[in-house]
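Both complexes below contain subunit A, partnered by subunit B and then by subunit C.
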Partner chain A sequence: MQIKNEVTGWQLFYLVVQTQVGIGVLSMQKDISIVSRNDAWISLAIGGILIQLLLLVFLWLLLRAGEVDYFILLEKAFGQIIGKLLAACYLAYFIYILLVSNLSFIKVISEWIYMDTPRWILMLLFLIPAVYCASGKVVHIARFSMLVSIILPVLVMLLIPVYSTPNYTHFFPIGSEGAGQILKGLEATLLAYIGFESFLYFSKYVRSNREKELKKAAFSTLFVTVFYLFLLISTQVYFHIEELVIVPYAVLYILKSLSFVIVDRIDLIFLSLWIVIVLTSFVNFLFIASNESKNLFNLKSHKRPIIFIVFAVFVTSLFIKEKQEIIGVQTALPAVAIIFTVILPLGTLCFYLLFRKEKEI
Partner chain B sequence: MKRAIFLLHVVLIFFLAACWDQNLLKDTQLVYTAGYDQTEEGDIQATTLAPPVEEGGVENEVTVTGHSMLDTMYEMDLRIAEYANFSKLQTVLIGESLAADSVYPFLDELYRNPDSNLHARLALVALPAVDLLSSEIETQKNKSEYFKGILESSELTSVIPYMSLQEACTIIFSPERDLYLPYITYDEKTKRAKIAGLALFHQKKFTEEYLNTEESVIFNILNNDIEEVARITRRVHEDRNPEVENWITIEVKDAKSNLKVNRQLSKLRAEVTLEIVVLEYGQNKITNKKEEELTNILSDLLAEDIRRVLKKLQSSKSDALGLGSQVASFNAERWDEATWSETYQQLDQEVDVDIKLISTGIIE
Partner chain C sequence: MESASFSKKVSVHQTQSIQELQEQVSYYSGNTNDLVMLQIHHESIERTSIMVYIEPLIDSVKLEELLEWSKEMKWLTNERVTSSKIQSYDGTLMFEQLVRQLLEGEAFLICMEEDQWRIEGIKIPKQLSRAIEEPKSEQIVRGSHSGFNESLASNIYQIRQRLKTSHLVIKYFQIGKESNTTSALIYVDNIANLMIVEEFIRRIQSIDVDIAHSVGFLEEMLEDNCFSPFPQFLVTERADRVTGNLSEGRIAFMLDGSPTAIIGPANFFSFYQSPDDYNGRFIIGTFYRLLRLCSFLVALLLPAMYIAIISFHFEVIPEALTLPTKRAVEGIPYPPLFEALILEITIELIREATIRLPFPVGQTIGVVGGLVIGDAVVNAGFVSNVMVIVVALTAISSFVVPSIEMNSTVRILRFPFMLLATLFGFYGVTVGLTLLLIHLIRLESLGMPYLSPFAPFHKSGMRDTILRMPSWLQSTRPAETMTLNKIRQGFSKRWHYANKK
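Our next item is the complex of A and B:
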C-alpha cells in the first residue's frame, strides 16, 4: 500500500502540540515560579499569547512566501552558501535540543524511580524506540502524535483532585512581583513552549488546501497554553510558593501525595504516561533533524542520519553526568532558542518576501 | 529487515526487567511507625517499628542514633537482617526535643525522598518518642496499627485534623501560617496512649502550649476542617437533678466559619454558623420554646469557647488558623512578616455564633 507523504491540518496540529509538550510538563512550574513567584501563571499566559501571535505571523508570512519548505526558503532568501550554512546551524541546534531533552529525561527518571539503573541503559531504552518511530514517514509520526494526545486529558483528570482543597490565597496579591519579574519569567516560559516552531518545518507536508488546513494547525499553541495554565494553576493552588521553588517536580509531588481508595503512588502511573509524551517530542525533533540533514547532504533517505544523530546524542550524553554540567548544557538554551525560533525565522521570511518583491519589480 | 526487527525486540525484552532497581519484599523491612528524638548532642535518635514477618509474631523494634536522618537508616541497616524501607510509613511520631528549635530539617529527608510515603501521619509526643514506642500498650499486640488507629479514629470525630507529612510541610513552608500537630500523651496507669489535643507551633518551633481535645474540636470548626462526626457536650443548665440532665450533646452537621482581620489590623472577627443535631439531652423533650432557649445558651457557650481558643492561640503566638496568609494576600500593603506575630497578639476579638438546630434526632 502506498502511503501518501502528506498530513492534514489536524494532524499537523497534533504534531506541533506533541513537539511542544515534553519535559516542560514537569519542570516548567519550578522554572517559572523561581522568577515570577506567585505571578507565574501571568508569565505563562503572556508567553503563550505572544507565541500564539508569533505563530500567526509565521502563518501569514508562509502563505505569502509561496515556497513550502522552510530550509529551501533559507537558501532562496540568503543565497546557497549562507543558506546551507544556516541550515547546518539549524541542524546543530536540533541536535542540541535533542541532547538537552535526552539529558533532562534521564535526570528525571534516574532521580525519581530508577536510582540504581545505569544511565546508558535508560538512554538506550529511550533512544531505540525513538529511532524506530522517527524512521517512518511523516504520516506515521503524525498519527502517533494524534494517538498519544489522548494522554493529555488523562493527565488533566489525574490532577483534578487537587481542587478538593484548593488554596487560592497563594495567587494573591496578584501582580505583586511587578511587571519586571513577570516579563523576566517569559524566558523560562519560552523553554516550556519550545517546539512551536516545528510548525514551520512540518507545514511543508500539508499539500492540499493549504491555507485552510494550516490555519487549523496554527492554533496549536493556544491549546498548549490552556493545558500548561491548568498544570501551573493546579500546582499553585496546592503548594505555597516557598515550597514550589524547592520541589523539583511539582506535579509528581502532588500526585504522590494524593491517595485514592485502590491506587496509591499515581505519580508512577503519571510518569509512565509522561515518558511517552517526552518520547513524541523527541521523535518529532529527530524526524525534523534527520529530514533536514537528508536535504543538506543530498541523501536518499532520512534513516541513516537518524542513526548518526542519535549516536552523537547518546555518546555526548554519556560524558555529561555531573549535575553542574547538565545545568551548564541547559543554561544556553533560552538564548539559542530565541535566535532559532524567533529571530531567524522572522528574519528569513521577511527578507525573502522583500527580496522577491525587488526581483519582480 | 523484518527478521532484524524481530530479533531486536527479543533482545530488548531483556532490558525491560529493570533488575537494578528491583526492590524485593523479602529483602526489605517495611517500617510502619517511626519515632524521632534529639539527643543532647544534637544527634537524631530513631525508633522504628516494623510489623512481624509471620502473623502473631513479635514486632520488630529498633532504636538507633545517627547524625542525620539517612545516617539513622544506615545504622538501622547494620542491625537488621533486611534493608529498612520507609515507603509504607504510616505514622511519624516526633519527640518534643526534636521540635524545640525547628522541626523541618528532620522532616526534609522524609518529605523529599521519592520513596517515602507522603500520607504518613505526623504527631507530636509529650514524652520522648522512644519511650512511647517501647512502652507497653495494654491489649495491643500490633503497636503500629494502634498508633495509626488512634490518630485515625480521632480524625473521624474531628478532634484532630488529618495531618500528613505533605500537609505539614505545606504549612511549614508558608511563612504566613504556623504549624499544628496532633499531640499524644501516655498514661502510665492504664498503659495506653491518648490523644491530648493539638500542639501549637510558632513558625517551626513548639510553643509548649496545646489545645485540649475540647478546644481542638472548636479549632477544627474555626479552621473549616471537620469530618462527618463532630460532637460537643456542654453543661447548659445549673439546677437539674440528676446531674446528667444538665448536659447536652450535640453533633455539628455543617459548620461554616469566616475569620476576618480588619484592614487596620486591629480586630479579628469570627463569624461561625453551625447546623446542629441534638443527640442526647437529659430532659428528653424539646419544645419550640425550649429549642430557642437551648440555641441561645449554646451560642453563648460556644462563643465563649471560641474566644478562649483564639486567646490561647494569640498568647502562644501561634497563627495556626493562617490569618497571616489572609492579610498577606488581601491586605498586602500592611503585611509585615517581621511584626506580624506582635500584631497578631494584639488583635481584639469579635465573635459571632449563629446556631441552627436542624433536628432533634430521636428526641421528641
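Our next item is the complex of A and C:
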C-alpha cells in the first residue's frame, strides 16, 4: 500500500509555522529593537498583520488558480523561457536562504556552546539529518513539522518565570520613536517572518477538501505572530532597551540567568532542542528547492538535487568564516526576500489569473 | 531401484498390481524406513489390500479403532464410507499428493477391485503438544493466564474460543518447499481493512524458503524495513493479546510449530501496552503506561545525557550537586564513555548469562554480577558511583518494556547515543534523536505509519496510547488500522445517566 502524497490543512499549517520559526527567533529581538527601540513589539505586530493579510491574498488567488504547482504557474504566466529563468532565480534564492540559515545557526551554536569544535563538524551534524528528512515524502516532512511543534510551548513555559518580576515600564513611552522608526523596523521583522511564502509551494499537496483545508493553514502566520510577540514582550519586560540592543540572543540570556532546582543553565538544553526547530525550517526550504529543481531539470526524483544543494551550501559555508562576512551575507536578505516572497508571487498569480481570463473570453 | 523394469509413474491408476504400487509409494517417499505397508486380508472378501502410513506421524490407537470400525462397515458390506476422518479417492490420485498427505499424518487403505484402484485416506495425525500454560516472557498479574503452544490447531482453537464470530477468517498458507509448514493468517473480515489483508497475503505468498523455522525467521521477510532497529510486528504468545488486536482491526499470522503470533500493522505505542493495563483500574493503567513510555526515554538517553553533562556541559548541574558529582568523577582514570561501556557491557553479559541458566543459578549470577561487581568496581576506582546509579537505572528502565523485541531495540540504540554524546555533547544527542524521530516517522508497518497517533496526529488515538481511558469511553477503534468499521461499541454507561433522571 502506498501513502497518498497528500497533506491535510493542519499539517500545512504546521509546515508553514515551522518554515517561519527558525534561527531568527533568537536574534530577532535585538535586530528589531535596534531600529524601533521600545516600540519593537509594535513593529512586530504590524509586520505580522501585514504578512497575515498577504497570506490571505495568496489564499484568495490560489483558490482561483486551482491545484497547480507554483513553479509551473511561473511558466504558464510568463511563458516557458522567462518562467524557467524565474524558476532558476528562485532556486538561487532558496540556496541563498539555506546558506544564511545554515551560517547563522552555526554562528549561534559555535558562539554559545561549541567554541572549539570545528565548524565543518557542526555543519555536517546539522546537514545530515536535514538531507535524511528532506529526502522523504511531503507527508513525512509534514508529520515531522507537526510533531516537532511540541517544542514551541516548551519555550513559552520556560519563559514564564520572567513574569515573576516584570518591568512594564520598559514599554513606555509607547510610540516615542515615531511612526517612521516603527515602519523601518518592519524590514527587520520581515526576516523573522520569512518562510510564510512556503504556503504557496506546499499548498499544491492539499488535495481533498481544498478550500476549507487551505483556509485553516492560511492563518499560520497569526499563530507565529502571537508566538513572536510573546517572546519579544518577554524579553522587553526583562531587559532594558539599552541592554536589549547589545544582547545578541536575548532569549538565551534570559534562560541562562534563570536557575531551576534540578538543572542549571537551561539555555544549553534549550538550544539543543531548538536545533530541531531550526532544522525543520532548513528541511522545508531544502525540500521546496529540491522539488523545484526536479521540475526545472526534468528529473525523476528530488533526492539527487538535495545532495547537490546541500553540498553547495556546505562548501560555500566553509569559506565564510568571519563574523563580519556572515553578517555581510545576510544584509542582502530583506531586499531579496521582498522580491521573491511578495512582489513575484503576487505578480505571478495576478498575471496568471488575468492572462487566463483573457484566454477564456 | 529394486527391479530393472521400474519406471516412475505419476498417478495410482498407472500401476497394475499391488506389488508395483508398493514400489512406487516407497520410491516417492524416498525409500524411508518408517513408511509402513501392511497387507490386509479379510476372510469374507477375497482381495488383498494394503495399508500405508508413516509410523511416527500416526496415532496408532485411533488407527486400530478406525480399522475395526471400517472393517465392519465397509469390508463386509462393500459400501464406501466417508466421514470427517475418512476420505475416498480414486485411481487418479497422484503419487506426489499421496505422499504429501502421508506426511501430514494420513494413513491410506488401498485395494484393487475389478481392475480399479480404491483408495481410502484416513486422517489420524498424532497430536502431541505442550499443555496450555502462561508464556514465560509475558507474565501478567491479572487476567487470562493461557498462552499459545506449538500446535497451530490448538492456538486457533484458543482464538476461536474467544472470538465466536462468523467474521473471524483463517487463511492457510503452506510455507517452505521442504518443510511444508502450515501457516495461518487470522483476521476479522468486517473490522480489518481488506487492503492491508491483501498486502499481507501478497507478502506471505512471495516467501520462498526451504524450511520455515519459526515466525521470527519469517518476520524479516514480511516486514517493511528490516534494516530498521525497530520491530514492525507485535510478537506475542498470548491469546488474549491476539484477540484484542484482532478486534481492533489488526491481522495476526501464526506458523505451525511456533507458539508466537506476529500482529500487524503495529505501531510504536502498541509495544508499550500490556494486557495488565486493561485488567486494572484505568488511572493505574494510565500511570503505568506513562511510566513505561518515560522509561523508553530514560533507557535511551540517560547514559548519553550523563556522559554529555560530565564531558561537555558540567555547568548544567545545579550548584548543590556540583561538588558531590565532581568528587565522584575526579578520581576515575577513564573517559566517561569507557566507564559507561564497562558497566553496560557487564550488565549485558549478566543478562545473557542468566537468560539460559536454570532459575536458582541465574539468581546467583545476578547477585555476583550485580552486587559484587558493582560494588567492587566502584571501590577499585574504575567506575564512579554516579555512573553505577545511571547504568543501573538505565538497565531497569530498559526491562520495563512489555515487549522483548522493543526492549532489545532500546538497549542496542543507546550505544550510538552514548558515542554521539561523547563526541558532541547535547548537540550530538539531539542530532541522534532527530535522526531517530525522522526514521520513526518514515517507518511503516504493512504500509501504515509506525508513529501513528502522533505522526500523523489523531486526537482519538490518544485515548489508548499514552493514556488508558476508561473502557466505556473507548468507543471507536484506532485509526491507524484503517478500519472501515470504526464504531467499536455503544455507550455502556447509559444506566448511570438513567439513574440521574
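Basically, the second predicted complex is superposed on the first by the 359 of 361 C-alpha atoms of A that agree within 3 Å, B and C clash if a C-alpha of one lies under 4 Å from a C-alpha of the other, contacts with A are read in each partner's own complex, and residues count from 1 in each chain.
Just so it is clear, a residue touches a chain if its C-beta (ideal position, glycine included) is under 8 Å from a C-beta of that chain, and two chains touch if they have at least 3 such contacts.
It should be emphasised that the depicted structure is a prediction, and the values quoted were computed from it without experimental measurement.
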Contacts of A:346 with subunit B and subunit C, given as first, second, both or neither: neither
Dominant toucher of subunit A (residue count), subunit B or subunit C: C
Which superposed partner A:136 touches (first subunit B, second subunit C, both, neither): second
Partner chain in contact with A:222 - subunit B first, subunit C second, else both or neither: neither
First (subunit B), second (subunit C), both or neither touched by A:125: both
Contacts of A:261 with subunit B and subunit C, given as first, second, both or neither: second
First (subunit B), second (subunit C), both or neither touched by A:169: first
Partner chain in contact with A:183 - subunit B first, subunit C second, else both or neither: neither
First (subunit B), second (subunit C), both or neither touched by A:333: neither
Contacts of A:112 with subunit B and subunit C, given as first, second, both or neither: first
Set of subunit A residues, in rising order, touched by both subunit B and subunit C: 113-114, 117, 121, 125, 128, 259, 264
Residue ranges of subunit A in contact with subunit B within the complex: 111-118, 121, 124-125, 128, 169-173, 176, 238-240, 242-243, 246, 252-253, 256-257, 259, 264
Of all residues in subunit B, those that touch subunit A in their complex: 8, 12, 15-16, 18, 20-21, 114, 118-119, 164, 166, 169-170, 173-175, 322, 325-326, 328-330, 332
Interface residues, subunit C side, partner subunit A - complex: 195-196, 199, 312-313, 315-319, 424-431, 433-435, 437-439, 441-442, 444, 446-449, 451, 454-457
Residues of subunit A defined as touching subunit C within the complex: 1-3, 8, 10-11, 109, 113-114, 117, 121-122, 125-126, 128-129, 132-133, 136, 139-140, 143-144, 146-148, 259-265, 268-269, 271-273, 275-276, 279
